[in-house]
Amino acid sequence: MSLVKIIEYEQASAEVRVVYDDIMKTRGVDWVNNFWKALANDPALLARVWAQVKQVMAPGALDPLVKEMIYVAVSATNGCEYCTYSHTAAARKKGMTDAMFLELMAVVGLANQTNRLANGLRVPVDPQFIPCEARSCRRA
Amino acid sequence: MSLVKIIEYEQASAEVRVVYDDIMKTRGVDWVNNFWKALANDPALLARVWAQVKQVMAPGALDPLVKEMIYVAVSATNGCEYCTYSHTAAARKKGMTDAMFLELMAVVGLANQTNRLANGLRVPVDPQFIPCEARSCRRA
Amino acid sequence: MSLVKIIEYEQASAEVRVVYDDIMKTRGVDWVNNFWKALANDPALLARVWAQVKQVMAPGALDPLVKEMIYVAVSATNGCEYCTYSHTAAARKKGMTDAMFLELMAVVGLANQTNRLANGLRVPVDPQFIPCEARSCRRA
Amino acid sequence: MSLVKIIEYEQASAEVRVVYDDIMKTRGVDWVNNFWKALANDPALLARVWAQVKQVMAPGALDPLVKEMIYVAVSATNGCEYCTYSHTAAARKKGMTDAMFLELMAVVGLANQTNRLANGLRVPVDPQFIPCEARSCRRA
Amino acid sequence: MSLVKIIEYEQASAEVRVVYDDIMKTRGVDWVNNFWKALANDPALLARVWAQVKQVMAPGALDPLVKEMIYVAVSATNGCEYCTYSHTAAARKKGMTDAMFLELMAVVGLANQTNRLANGLRVPVDPQFIPCEARSCRRA
Amino acid sequence: MSLVKIIEYEQASAEVRVVYDDIMKTRGVDWVNNFWKALANDPALLARVWAQVKQVMAPGALDPLVKEMIYVAVSATNGCEYCTYSHTAAARKKGMTDAMFLELMAVVGLANQTNRLANGLRVPVDPQFIPCEARSCRRA
């Protein structure tokens, strides 16, 4: 029950197919998921978001599996159904076990709890947590 | 400008000091941060939340640094100022570099963006993302 | 699977029918959507929320279509399924094209991303952004 | 550092003063808090929001103190600083003790935790939780 | 379409059954809802979350029905479908009438509205709302 | 009290200065705001986010002022302090009057209220709101 058309490969313009092809090649899969088929209604949006996902989720200072788990953490926090399913699937493909998934959820649940305790009690930030730059101190 | 008293070690009951002592010992530090000093107004709440943090954040299927970064991801998503400062400090202590922190933020930002694109366009979940248990299929 | 009864026109009290009639007349339609039929379980709540919607969404300093798009932006940000469907439909009826809808979503996605970058990095507000009233300055 | 002018009683139009007077009289206080002084930049918005607060927060099926605590629960969940301070103050005035406040926060924290566990694991709703109306069953 | 297995009593380990039995006994029911059957994939998580729910939701400074309504308020604010159904059912079982539920929703709706007005206009916190401890004043 | 260094133009690398220069030129201003100076700690992130903002916020199917107001709506909903200040300033520069700002806030407040009423009552989506593509119907 999408609010825009789901654009299949066969119906897609050449411009859109280039992105679809790159998604499949980058991920080593032979299908494109609905998220991209919905974005394809605006080819510039599709290209822009995909370029960003491709760059941000690539190996870097953080491991790709860690990045997928962070994505799941945000999606569960926001209650995004589509994103929780899709990024949990992606994380599993990259090696997330049941034990890792449940531990991830335990951290997400706990963080959402203590976030509200801190917000609700209006706990003042300890000066020790503020980085040196901001406090004009010197790191030895 | 806390909404409850910040209970210092000197003012704390024996029951509360047991928790403060365990926090300092577990973390290898000689001070207790304000979050716990605020919770200490309800010693049962303090003990319960600390027991949970101690258990969930310990090494397990996930690395403690990964857990701290997940905590930061949730806190930034929720806009919790106290938690963002405290868990970023904790993550840095466990080895998070500037490059890792910025990459973490890039993933958090991206996930928050695509969460809303999926929600706003009401993209239907691809059957491929639904685990076998739920679809009554068999893993080979 | 509503948590309260969906009250149809035929079952509605005279007090509720007055609101239903006004909704249909104001919008130039011959049916009432489920949101109001759910609120009708508390006729005072129904009347109060409808009076507010009628007043706030009317033409004013902002164009009604712009208002509907702002409504969609908030609903997509909050992940409210019902509201995203209903206000997207309303916006389309007021002239929102596919191109406008996708551009709206692009802004919503981007804002949700940069909101978290600003929150997560704890970027200090530039004094230039604080209005004169608050800074005791003078506009020339 | 408000984004609109804070309109003091002395500067206020007659239309605005009527609302300020009603706020003070209804609450039995001799001052008006900043929230209303900010809304006063749009007298219709001020009158509409105040009429709503006055009606919704009055005694009804729920006790006014319970309502204030629900308000605090929502405000802490959303991380609204102003609202957390103002409604905690209001709840204290209506009799909320330290013990009640901390217990309220414990429930808020817990609910925010389990909300994400349910969202993240995508737990299916048990049919037993769906009311009879929706399931076409009969209450004996 | 859960992301983890729903573990039925018959399939559960002895460790998990102890928790299931305690849930049923504490609540005076003869079935366990899906939330716990999903958490059971991590027996330590199950035990920890249940211990917390059992302790926090028990009678204390606040009435159990009030606590359930606060739970519903948070769940509706976060848009958690599972939690809204399950805790509304629990609140109804503890005596929440239709009138109370609708009044609860009215407060939740209102708080979500004024939270954004305060956030959007950046209304400064009135010093009167800041408790004495924080302002170094004295309560007579 | 930023969590990363605020990188001034003088300290910036050539790569970062290119972006700073483009920001100033595109906006017709002679200064760069802190958001970008914080992102500059990761030059690739800076370039990527700026490219996106530049493209998305440019005139298109929607007017740039409308886009800024949508940005403010999202930022107020999320409670992002930095973003609310910066995009309100941007919207004012593009012509948003006090009346428009207050009307914008009225819509944002209302949408946040009805989002929770729909979520909390679990109102079923009316089939009339589901677009033809999804319902396999035909537009005449």
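In order of appearance the chains are A, B, C, D, E and F, and numbering begins at 1 in each one.
As a convention for this text, contacts are C-beta pairs under 8 Å (C-beta built on N, C-alpha and C of every residue); 3 or more make two chains touch, one makes a residue touch a chain.
Note that this is a predicted model, so its numbers are computed, not measured.
Counting steps between touching chains, the shortest path from subunit B to subunit D takes 1. By the document's definition of touch, common neighbours of subunit B and subunit E comprise A, C, D, F. When chain centres are defined as mean Cα coordinates, B lies farthest from subunit C. Interface of subunit C with subunit D: the two copies contact each other largely through the same residue positions, with over half of all numbers used appearing on both sides. Interface comparison, B-C against D-E: more C-beta pairs in contact at D-E.
The geometric centre of subunit A is 19 Å away from that of subunit F, both derived from CA atoms. The distance from the centre of subunit A to the centre of subunit D, each centre being the mean of the chain's C-alpha atoms, comes to 33 Å.
Centre-to-centre separation of subunit C and subunit F, using mean CA positions: 17 Å. Centre to centre, using the average C-alpha position, subunit A and subunit C are separated by 27 Å.
For subunit A, the set of residues touching two or more other chains reads 1-4, 6, 49, 52, 56, 75, 77-81, 84-85, 88, 99, 102-106, 108-110, 112-117, 119-122, 125, 130-131.
Across the interface of their complex, subunit A is touched by residues 79, 84-85, 88, 98-99, 101-103, 105-106, 109 of subunit C. Within the complex formed with subunit F, the residues of subunit E that make contact are 72, 75-77, 79, 81, 84-85, 104-105, 108-110, 112-117, 119-122. The touching residues of subunit F, counted against subunit C in their complex, run 1-4, 6, 31, 33-35, 38-39, 49, 52-53, 56-57, 60-62, 66-67, 69-71, 73-75, 77-78, 80-83, 85-89, 97, 99-100, 102-104, 106-108, 110-126, 128-131. Residues of subunit F that touch subunit B in their complex: 3-4, 41-42, 45, 49, 78-80.
On the side of subunit D, the complex with subunit C involves touching residues 1-6, 44, 48, 52, 55, 125, 130-131, 133-135.
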